[in-house]
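All remarks here apply to the structure that follows.
We call the chains A, B, C and D, going by the order they appear; numbering starts again at 1 in every chain.
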Amino acid sequence: MKISRPSRRSAVARIAAAGIALATGIGAAMAQDTIKIGYIDPLSGPGATVGEVGLKTFQFLVEELNAKGGAAGKKFEVIGYDNKTNPQESLIQAQKAVDAGARIITQGNGSGVAAALVDWVNKYNERNPGKEVLYLNYAAVDPILTNDKCSFWHFRWDANSDIKMEALTNYMKPKTNIKKVYLINQDYSFGQSLRAIARTMLKAKRPDIEIVGDELHPLLKVTDFSPYIAKIKASGADTVITGNWSQDFALLLKAAADAGLNVEWYTYYAGGTGGPTAIKQTGLNHKVYAIVEGFPNGELAAARETEKAFRAKYNSTNFYPRAFNEMRMLAAAINKANSTDGAKVAAALEDMKFEVFDGGEGQMRKDDHQFFQPMYLGSFGDIDKAKEPFDEEGTGWGWRQLAKIELKDTMLPTTCKMVRP
Amino acid sequence: MLELVLISTLNGVLYGLLLFLMASGLTLIFSMMGVLNFAHASFYMLGAFVGYQISKWAGFWPGLILAPLIVGAAGMLVERFGLRNVHKNGHVAELLFTFGLAFVMEELVQIVWGKAPVDYRVPALLDFPAFTLFTTNYPAYKLFMLAISLAIFVGLFAMLTRTRIGLIVQAALTHPNMVAHLGHNVPLIFMSVFGVGAGLAAIAGVIAGPALVTQSTMAALLGPILFVVVVVGGLGSLSGALVASLLIGLLQTFAISSNASMADLFAFSGFSPQPNTIMNDLWRVSVAQIAPILPYLLLVLMLMFRPTGLMGNRES
Amino acid sequence: MSDAPALEIRNLKKSFGPAEIIRGVNLAVPKGERHAVIGPNGAGKSTLFNLISGLLVPTSGDVLLNGEKISGRPAYEINRRGLSRSFQVTNIFPRMSVFENVRCGVLWSAKQKYAFWRGVEAAPGVNERTEKVLEEIGLVERRNVLAGVLTYAEQRALEIGVTIAGGADVILLDEPTAGMSRHETDVAVGLIRRISEGRTLMIVEHDMGVVFGLADRISVLVYGEIIATGPPAEIRASAKVKEAYLGEEAHA
Amino acid sequence: MSDIPLPKSSVTRVSQRGAEKGLPWWLLPWLASAVVLLALPFIFRSDTYLTVMSLMGIAIVFALSYNMMLGQTGMLSFGHAVYYGLGAYFVVHTMNWAIATRAPIPLPLMPLVGGFAGLAFAIIFGWLSTKRSGTTFSMISLGLAELVGSSSLILRTFFGGEEGVTTNRTKLLRLTDWTFGSQFQMYYLIAGWCLISAIAMYALTRTPFGRMCNAVRENPERAQFVGYNPQVVRYIAFCLSGFFAGVAGALAGINFELANANLFGASQSGTVLLATFIGGIGTFVGPVLGAVLVSYLQVMLSDITEVWQLYFGLMFIAVVMFAPGGLAGLVLMHVPLLRAGVLGRVVPSYLLALIPTAMLLVGVVMLIEMTVQLAVKQSEGPVMKLFGVAFNANLPGPWLVMLMLLAGAFVLFRLISPRMGTAWDNARSAAAERGMVV
């Protein structure tokens, strides 16, 4: 079993090693015969909350896979690289990972980082034939990555934001109590693409729904959401769709609760760090919905067991069932190709069908390297501890699974014109 | 329309007073010591976290009393063992010292309380809607925030202008030697002022913590806007800071309630820029979208045309 | 206007809020004259210098340099027209060397302006002129020392050096010997005498020995007004001056 | 802002060697630098080190441009990244345009585009902000930085939103068979520009304008009375500084083949301030040292500890408090002693001081890392490894060791510092006797 995160090694030994390596220029010559995965996400600063959980998830998975013998006779090893949520820094860390012998990098936080990494991997592979690097994306949801900017070297396990909206609107379609929808989103690429696709899809599926507001507010700059709430209130909306996360989500919800705004909240990231705490504070019991690929309180026994083990080990929710799909499929692909060569593994991943973490079959579409799987809609509130054992962030409240959106209802066409080597 | 105007005004005033609450300590330290304290928002954050910690053990109210005292003491230590030593190198060195301090404090808070938001609750005593204005509720806690802000303004103003302490402190800034000769302990005065400033920041933290999000990023997110308040109001002017806070609160709130863009304004002209040009971006952006950056525009314009700020009397 | 006085002050007034500090000063200093301004503390001597040199803008009235109006213009323009001043409190560039201090005084007059495209060492005449000034003020040996660590008397000399380096033909010196020992004062007076050769000099000074030894004419400023102007002997004899000023000062 | 904390000892002296003939004396350090820059890639071969060295080169240009304002002219800016970021955007757009139109512009000339972009915006923003000095100037720079940063999210067409704008540096006109695809070739491009920019910026300090920058920093009022308008001096300094910041940004844009809003973020502006100050604002080489150190630590320190920003902040505070002249200032303090040949007199006490210094550092690192282990990394258990030693942070033993180290360091410092002080004074006065110190 090999798991390492540089920070866990001795500081001086590392400094000394770095110094010696610097002096002798043999930084990369220490490659061992493991399948190294460079995990490139924020491990310091504000973004570290999610980045650290992600790293733990991958470490958990590496242990699981290595216990089963690894893949193609080799053990896995994940090395964490701190990208400080900064695209440029991510490229530096990717270079470091590759120099340390990683041929697979994985990342999830921030579409800006993801776009930079896709571009970098494309150029790196073009300029370094024979040393191809694969980029496995577990959480960056900008649709463009599997559409206009799709790459043979990039695979995505998280549903992109269009797919999520497709699933969400398919769920909303028969709900006749939804009449007036208000959109409020952060003013950056994710929020903008979400609002655009929400308009299109709602119009197509529920032309009777009136979109009474479509707001963009600056990213992580708003302290007081009361004026926005006043506008939502004035519009007479009964439903709000938002992609807000972090404090933009928490403050929005708190201001709404303070003002006594009574609407249903359809969200992407209510389950993100701090989200459950904020919902509990506002007392919005089962008023906040989220669309994900699986909830801790899902029905599958195996998934619940893993959730339990994960929580026991790391004292944290397993946010990334998709990382399980990613790593398990990677092992399967390496076994299938019987090689760790980037191009061969990529070819093995294409069109691979796989039994996903939360049950049901998923598929890595060959056309755009987007993974499709059943999606789930749930609400957050009080739970029946007997049937729903997992609460979130120690609030006593948890996610209740309300509906499953079948694979076919999540499928969307792609504009990707895949260039294969 | 009347509804939106009334509610926006009320929201603007509430937000403005919250800003003042946060900025009062900053302006106090600047007016007394001439130090632009970059770590002010960090003391605010520290106050929120210490208040949260105490609230877990003993409830919100002890936190409101104790957290400012603890943070104030921490502020005094910072002045005694840090700031005082760089004082001889001038105000830029002092400013840089607080700049570095902000880095360190954020990391320390992350080590102790983690990076995720903590569950800091509004006290049960104030957790009810105080009144309803056209179907919009106003929680009692917001009125409490408003009352505290005003109390701090009145208290500070009275202390600075009506008491001997205020006079001595003001004199110590301009004529430290003279004041020392009169038998006052000037270093102690500066240390106390810094402590009070940090304590005020902590009060703001304890009060805003439950209403907003108590997280290690709260300092970095708040920092710049406080400078806008203090600079627009006039560096070191307490009344200026109050006026500027209200101005910024109202400006932002009303801007958010407007969806107008250049495209709407000039719709009659029939002009429409080419898509995918900078002109088009500018044409379509709404007032609401740029609302949160308006304070910075105000800052730049103010400094260019009236560098002393609204009510300040010195430039730097 | 070549026969215009080097410096002419017409009905100059300056108020700070309700307080009128300069209350209508009229004065003409012909070319080549050494003119001293004396008066009790708080009479407005430094304010007068600040008004002439452009540090302050007059409330009303005019200042003319060689017949051209300079009041209201920024200080650097007045300096470029050939009026240079020193300060009562030493006002130099403390963390630059003595040589650099003086050279900064030379640069504009050597037509270097804001040149960032040519080296300062290669600028024609600049270093030579700087050397000459250093020699004049007797600081050649101390050329590489930071100005901030000079002795007080040396700093005062440097202050004068920076003031005259640009070759201005009207020089204003504000208490150049204040705080000096007897010997240092003698050296300074010699220096002032040398550098004011062929120039117009206006000097504020408390040391009456210096004033009467140096000045061609003296003006007495009391409460923002000039109560008398004339040669030293006349001023010494004036009953008005004695009453208002010299009486108390002479015994001090 | 005349109170920029420059130590007296670290201010460069005027040289009298300007008039000497033969090989210009000033060429030697530059030739040496060039040789070092040429040789580095053959010593540090891995792509990681090439990347890090490229970043250092960019950071050097950026920090030197920043010091033109802070160190030379006394203007403290909180928004210098604006010109850096705009330089990057303009170069990336220009490259894309040149690729699309097959315009015959080779890559090595592209940094000029960034420079002129930085210059153009500095001309506009400088006109607004250099009318004021001191704290007011700093605050305007802060406000402008926020405005430009926010506009970048509104003007999506130009700034490319969150993803930014990418390019491909290998697709431009080639003059040689170098494509600049590899980091090795990229390094030389950056090194070349770094050297050119450094020489140009050094030359600037030795012009009439450069001297007046110092004069304005020292005493803007006096500068007026030698005929100079401090506003104009500040404005020109601001513009030229913007030019070189633009060059640095362009190099960053070419290196990453990407321009995005991060480049003009507050953290970018903060980093250049930290780097410049840590290196030392009073000397020309200070920012170079700072840029090299800070870029190395930024990339590498996060591998060792997750609280790297804490160490960063502590280091900065230590410099502000104890070495306002920065690292270069500390070194330069000793140059007169070296010249006088009395450096040996302080060395023993320095060596002695190494003991408590090491104890202090180890103690502080232990305190921080053990706290982190218990507070942040609870899930990993209390067993940790530090300095090659594994131990349990839950036991009192390690904490006792830490406390003893800190207490010991404190006591030893008290004991040694008089000795150090005496040694220093002795050496200083000896050097003074030999005419090396004033």
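Definition applied: a contact is a pair of C-beta atoms (placed from the backbone, for glycine too) under 8 Å apart; a residue touches a chain by one contact, two chains touch by 3 or more.
Just so we're clear, the structure is a prediction, and the values are computed from it rather than from any experiment.
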Chains touching both subunit A and subunit D: B
Of all other chains, the one whose Cα centre sits farthest from subunit A: C
Subunit B-subunit D separation of Cα centroids, rounded to whole Å: 31
Between subunit D and subunit C, distance of the C-alpha-averaged centres to the nearest whole Å: 43
Distance between the centres, which are taken as Cα means, of subunit C and subunit B, whole angstrom: 48
Centre-of-Cα separation between subunit C and subunit A, whole angstrom: 74
Where subunit D touches two or more other chains, by residue: 150, 154, 307, 309
Per-residue overlap in subunit A, given as positions that touch at least 2 other chains: 48, 187, 218, 221
Chain pairs in mutual contact under the definition given at the outset: A-B, A-D, B-D, C-D
Subunit B to subunit A touching residues, read off their complex: 3-4, 7-8, 11-12, 14-15, 18, 114-119, 121, 129, 132, 135-139, 142, 211-213, 215-217, 220-222, 225, 249, 252-253, 256-257, 288-289, 291-293
Subunit D to subunit A touching residues, read off their complex: 43-49, 51-52, 55, 150, 153-154, 161-164, 166, 168, 170, 181-183, 252, 256-258, 260, 262-263, 298-300, 302-309, 365, 369, 378-380, 384-389
In the complex, subunit C residues that touch subunit D: 53-55, 74-76, 79-80, 84-85, 87, 91-97, 99-100, 103-105, 107-109, 112-123, 126-127, 143-146, 148-149, 162-163, 165-166
Subunit B - residues contacting subunit D, complex: 36, 82, 85-86, 89-93, 95-97, 99-104, 106-108, 110-112, 114, 224, 227-228, 231, 235, 276-278, 280-282, 285, 289-290, 292-293, 296-297, 299-300, 303-304, 307, 315-316
Subunit C-touching residues of subunit D, taken from the complex the two chains share: 6, 8, 11, 13-14, 16, 18-19, 203-204, 206-212, 214-215, 218-219, 221-229, 232-233, 236, 240, 438
